[in-house]
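Labels run A, B, C and D following the written order; every chain starts at residue 1.
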Amino acid sequence: MGLKGGPTQDEVMAVSLAKLGIRPGDRVVDVGCGTGKVAIAASRLAERVYAIDRRAEAIAYARAQAAAAGVSNVEFFEGDAVEILPDLGPLDAAFVGGSRRLPEVLDLLAGTVQGRIVVNAVMIETLHSAVATMQRLGIFVEAVHLQVSRSADIAGGTMFKPVNPVYIIVGGAGCS
Amino acid sequence: MGLKGGPTQDEVMAVSLAKLGIRPGDRVVDVGCGTGKVAIAASRLAERVYAIDRRAEAIAYARAQAAAAGVSNVEFFEGDAVEILPDLGPLDAAFVGGSRRLPEVLDLLAGTVQGRIVVNAVMIETLHSAVATMQRLGIFVEAVHLQVSRSADIAGGTMFKPVNPVYIIVGGAGCS
Amino acid sequence: MGLKGGPTQDEVMAVSLAKLGIRPGDRVVDVGCGTGKVAIAASRLAERVYAIDRRAEAIAYARAQAAAAGVSNVEFFEGDAVEILPDLGPLDAAFVGGSRRLPEVLDLLAGTVQGRIVVNAVMIETLHSAVATMQRLGIFVEAVHLQVSRSADIAGGTMFKPVNPVYIIVGGAGCS
Amino acid sequence: MGLKGGPTQDEVMAVSLAKLGIRPGDRVVDVGCGTGKVAIAASRLAERVYAIDRRAEAIAYARAQAAAAGVSNVEFFEGDAVEILPDLGPLDAAFVGGSRRLPEVLDLLAGTVQGRIVVNAVMIETLHSAVATMQRLGIFVEAVHLQVSRSADIAGGTMFKPVNPVYIIVGGAGCS
């Protein structure tokens, strides 16, 4: 969840991108792009990625990451997604890593996204809000709870250290 | 486990004690007692608890905890469980929080414990060793993987923070 | 969750009872007692248990289970917990396995329970409602997500089969 | 895994493919390809995929799936991977969905795979064997425990139903 929570974990990003189902030629938005990690990964699958964050430091960091990765098809927007989304035109997929105005963002995305909308949530309030809003909009597909643990060496053996569980909420027009 | 890994988590202890099925009058051993947390909890259900740890600092700490809790039916043994177990006589239940010589400990326990034997493991090597040894001894009942996450407040909401997953391996004579 | 969902899993019950912290002499209520499994287990720790369920078949089943277990300190009530709770007098602990009127039940329990209130939830709407209501009442202590997997034999080896994850929400006056 | 256990779950496949890190031009092997699901997905990222399974019915099924998907860069081999692998020449990545001779397969792969080797395991014996063999070969990178739960509608709400947890074991020459 943005700079505050650090970058999206690799496994969570892999599942989120798979749920998005980005195809060549797609125009994708990343709402609350944080470090830009998901936007940069999506840019390798999509035609164009729009990355939005209301925090100047996030946009600066993400832009630098994209430049370092040699990525040129990500366009960055500093500001409120609710104000920026209406200007982006039709979209094929949307990833929401974080937003203070999630219901309004989902309202807007439901009207312009042709394919999948994927929300990452760590808070149960966000999970509840995302599911309830998608159900109200008639676009709810599924929610997935992902609990990843990674091996770590300890004295003489291997244990598993868990990372914070994430809810991946999937919506989309015409999906079942 | 033990002092190194901190005390057994409340939820893991609750499930482990439930699997042990201690009854009034029971004589119970705690192998690798660490902080003494499980031994002290078991002492409220059992007639007598024998708590073994090879580390002097663990025994000193656990003994002080038992005294502070007003518990008088736990007997402490500093040393190697493989050498101490043969002197304890018949037992009704055994908890193994940790041991460097797990197969030998299980061999001994299989011969003297009437009821359940419960092993806590965080390492996959310990899990594998406990299951394989119990299967060889014909006393394997089940293994449970317990993943606990606890709520934590973050900005404006509630998230879940996972604690390290634990394997609870259960054996017992005449169990199915 | 009652007869519909089958009895509470052993591990979930063990953790729920540990969170309840029942002591000898306690008067405990079980709201939505279903098969009576938790009420019967609680009756071995408490002075008296009041088990409520709005379904006649649940009460009949639970009463038969209690009789078969030789338990005589559980009192059964068929009906709506919101109407029955005010007549029970002061309580020491409360377990809520299920309720269609959870906020009202928690309102009532917050006024009469001296110790812990523990709710089991499988639905995210129930989780959200329980946490939000407890926070509003100022009695929220913690929520725990419990993911249990049990070993199962398959061709030549041992795998883990997960059981449905459960949220255990804990509240209580004067708790921290 | 394979036909017996049904196709690899979407989320497990997404994480496994991300760990494989397949790049355009890569030559990839899928040992124990089962339904062919992973081989077909990998074929969209790789130059060429070699899919091996000792079961004639798996190869027939996977070949039909590949044809139906319009995939032409997957080559199928019915037989024992230990005998087939030496003839495939140098490889860039390897996915092992299942094998009765895992240590020998990993021995062979360690000598011919330039990039990542990813094993999926549901049995703890397979987990243990994969980690121990990779450690012996000096190619162990990490193991990940993936616990996925998916939302399901029940009376008036949304709950999570868990799918069987999977271990994803990652190895690779020159990886850290």
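By our rule, a residue touches a chain if its C-beta (ideal position, glycine included) is under 8 Å from a C-beta of that chain, and two chains touch if they have at least 3 such contacts.
It should be emphasised that the depicted structure is a prediction, and the values quoted were computed from it without experimental measurement.
The most distant chain from chain B, with centres taken as the mean of CA atoms, is A. In this entry, A-B is the pair from A-B, A-D or B-D that repeats the interface of C-D, since more than half of their contact pairs coincide by residue number.
Averaged C-alpha coordinates give centres for chain B and chain C that are 26 Å from one another. With centres taken as mean Cα positions, chain C sits 37 Å from chain A.
The set of chain C residues that touch two or more partner chains comprises 124-125, 131, 143, 145, 147, 149, 158, 160, 165. Residue ranges on chain B touching chain D, taken from their complex, read 124-125, 127-128, 131, 143, 145, 147, 165.
Interface residues of chain C facing chain B in the complex, by the touch rule stated above, are 10-11, 13-15, 17-18, 131, 142-151, 158, 160.
Only residues 4, 122-126, 147, 149, 154-165 of chain D touch chain C when the two sit together in their complex.
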